[in-house]
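Taking it in order: structure first as structure tokens, then the write-up.
Letters are used for the chains, namely A, B and C, taken in the order the chains are written, and counting of residues starts over at 1 for each.
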């Protein structure tokens, strides 16, 4: 192979890399445009949001959009409380989900017992249930427990999630048996093994699962709509829907509310992104 | 002696699994069995009269109804469209990102960021973008060199289908990419290296070597995303709320919701959801079956 | 003696416990102005009757249907609620709401209630000889015009406003501004998708009906339907491109006076919303209300349907709760004048109609004139499904290029199928 040949190959490669980079950047731009739109338009007057062609930089910054979003049209600051509710619900559900998913997944991955296959099939089947299907029976149930308009009502139906169990099982299948055996020889019982050995070694996987759970709870709309009645118990999506339908809301303030709603998620995600990306290998299935 | 240990371990197995099983019996199995029972009745949600047991009449009527088949079609189009674009897009992007040395994490995070927004927020943004006077038309007019053309993002039946698919794609492409990259990373480096030494060109390498090894990832992601797509509800719901014609995007979940909530016909709605439930099980089972026969392993 | 005393104390305690347990829940749609009023009334009511505690809950108007329905299907409905009357109708037919209690409402008998309200306005909540609710508001829509734009074009609406749909179309065409195909200012646009409120009366003007009198047959006189759909086709993007259901709801922008819409359909309450949201435009008097148009060759001179919100009471609440519920409703609704002045809600009592406040209110006469020629929105268990079918027909004609003839054929076939379910 002559040197010239090599150089040609190198230029070809770098050319290819440039093309790849360009494609990536274009895709990235397309993906990010709506986010940029949300952010810039949240400072605009409603008239400006729908001007053609769109002005990427607001002609003047209307900070009062944010004030309006936080105060609400009734000046009662329910949004702060609703954000708090969303946080309480999402964090609780995320924690219980991770713990139960790890526990059940551990049971399914590392123990042999009668009926295990049936349990696995049941867990899989639970994943397929469309929420709309069980909405009304579930509502009656929650009502019978007296959980209307309470954190219990918002949290209980989502305490354990089949998807999480399935994922943690996939992950724990590859958990080194030696580690468990070593702990057994040290005299730990199975529960302590789970707490002291399995959990600390599953943090990335649980983080990944946690982010997904947090996200879907943050998103949840239909169920909170049914179980909450008082403004104090409502969650962010309900506030935004309400804010949208109110007559005094302008588009800028609406987007300001949307930006506020997104901030906690961005914080959670970006601070844990490393774990999330690491832990996603759990979901890749190659380990199963 | 050994059987004693086994027995003990089995008991521990149940100990770990039992809480979830009890939980699911109350919050999932009980409601779904309830839904199945309901599907055998002609039942008006508001009526105080006892519902009438009609065996499988609800199912028979559904299979004869044009609206139901339209919903099946809408669901199929949405699922196939979203699913295939996510799969192809995700694979392509993951390979692009994986082949770079720097900024891998940055690209993954940036692509994932739309998924961080909640659906209500995403819908709020997109409804403004797809408004006839919104950003969607401006951008497309600029790119395609047309002037003042209305691309009818909601109005045109085909466009409204495409719009829902775009929103879904936008939201989930990052997640898919991350999953595929995770899959790519788990392929031992030596295999890549071997391919290069063998002199395989980059594309050949992907198709011959990487792709087959990625297959388990692809299958699992497919199962999960297929379920996700077929259960999609809120995007279509918000579209219809804001004036888009219903028929092209009347997916099964939307139809279930309306049959129950708007028409009060809980029996028929339950029948529809049982059908959806069984279809989901069937699909996932088939996909897992198909993949198992050619499972790859590398030692 | 001692024993007797203890016994008395016991009775009193029991009474107190029971008395404190009357807890009423009221579910209603969001309406910030009305919330202010009603929360005040409820507070006063609770002071008056300390044994009653009231929990008032508001839902977005698009969502209240599903929350009430889910609650009722679980047997946990609120004691008092209100929705649009066509959505309340199934609750009446299925006996989920209770007949009124005239005594608790402060009337001698039911006849006296009927006598207090304008003739016909209680019919929507009368079923099989019984009365099930009292109106919180009754609304019909006229046309609101921003005259700044009409004047700029030299149109003199004060003396010559469009009286027919055809004239309205001509005027709109003049007022509409576009950037290519994209409309940047609409002259007038319909209030989609309230087709049972705006579309069926247009059909009725041409001599067609949605249902026959018995409610057994759908799409009467298809030719009339074809004519109105042809008008809509002409209105839409494939015709003269004056508007379409996919633009932002017109009434949202009208108050803002942002130059995107000149004329909208709305009720009297819009005036007070305008006053609150855009006092500048309100004070400028550069707006007016004109009657709802009629087709040039109309055979029936009917106006846009009216709809209403009626307070109703859950039939499954205990009799005691029901009685208190009616008392609370009576207490709130006796402030008819305030509801009207503060929120713009018309509770059609003779007392209000004859009051000076009402007579002097801007454009009240226009609304009442139209109301006298208006019917009530369709009350039928299949109502929402039929509205959906009409929506599909209109959209297929306006947006998907289906011919009006074919759209009517499909509509008739589907509507007939729907009726079979009831």
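Operating definition for what follows: a residue touches a chain if its C-beta (ideal position, glycine included) is under 8 Å from a C-beta of that chain, and two chains touch if they have at least 3 such contacts.
Here the structure is a predicted model, which is why all the values come from computation and not from measurement.
Distances between chain centres, each the mean of the C-alpha atoms, put C farthest from subunit A.
Of the two chain pairs considered here, A-C and B-C, the higher C-beta contact count falls to B-C. Subunit B has its Cα centroid 15 Å from the Cα centroid of subunit A. Averaging Cα coordinates per chain places subunit B and subunit C 38 Å apart. Multi-chain contact residues of subunit C (touching two or more other chains) are listed as 62, 66, 70, 73, 179, 182, 184, 248, 260. Each of residues 50, 52, 136, 241 in subunit A touches at least two other chains. Residue positions of subunit B touching 2 or more other chains, listed in rising order: 45, 131, 133, 137, 266. Subunit C contributes residues 62, 65-66, 69-70, 72-73, 90-91, 94-96, 178-184, 192-193, 237, 244-249, 260, 381, 384-385, 388, 391-392, 395-396, 399-400, 417, 421 to its touches with subunit B in the complex. Here subunit A touches subunit B in the complex through residues 17, 20-21, 23-24, 27-28, 30-35, 37-38, 41, 49-54, 100, 103-104, 106-108, 110-114, 116, 119, 122-134, 136-138, 141, 156-157, 159-160, 162-163, 165, 170, 190-191, 194, 215, 218-219, 221-222, 236-237, 240-241, 244, 251, 254-255, 258, 261-262, 265-266, 269-270, 273-274, 276-277, 280-288, going by the rule given at the top.
Residues of subunit A touching subunit C in their complex: 46-47, 50, 52, 73-74, 135-136, 139-140, 143, 148, 225-226, 229-231, 241-242, 245-248, 250.
Here subunit B touches subunit A in the complex through residues 6, 9-17, 19-21, 23-24, 26-32, 34-35, 45, 93, 96-97, 99-100, 105, 107-122, 124-126, 128-129, 131, 133-135, 137-139, 142, 170, 173-174, 178-183, 185-187, 213, 216-217, 219-221, 224, 227, 231, 233-234, 253, 256-257, 260, 266, 270, 273-274, 276-277, 280-281, 284, going by the rule given at the top. Against subunit C, the residues of subunit B that register as touching in their complex are 44-48, 65, 131-133, 137, 141, 146-150, 152-157, 241-247, 258, 261-266.
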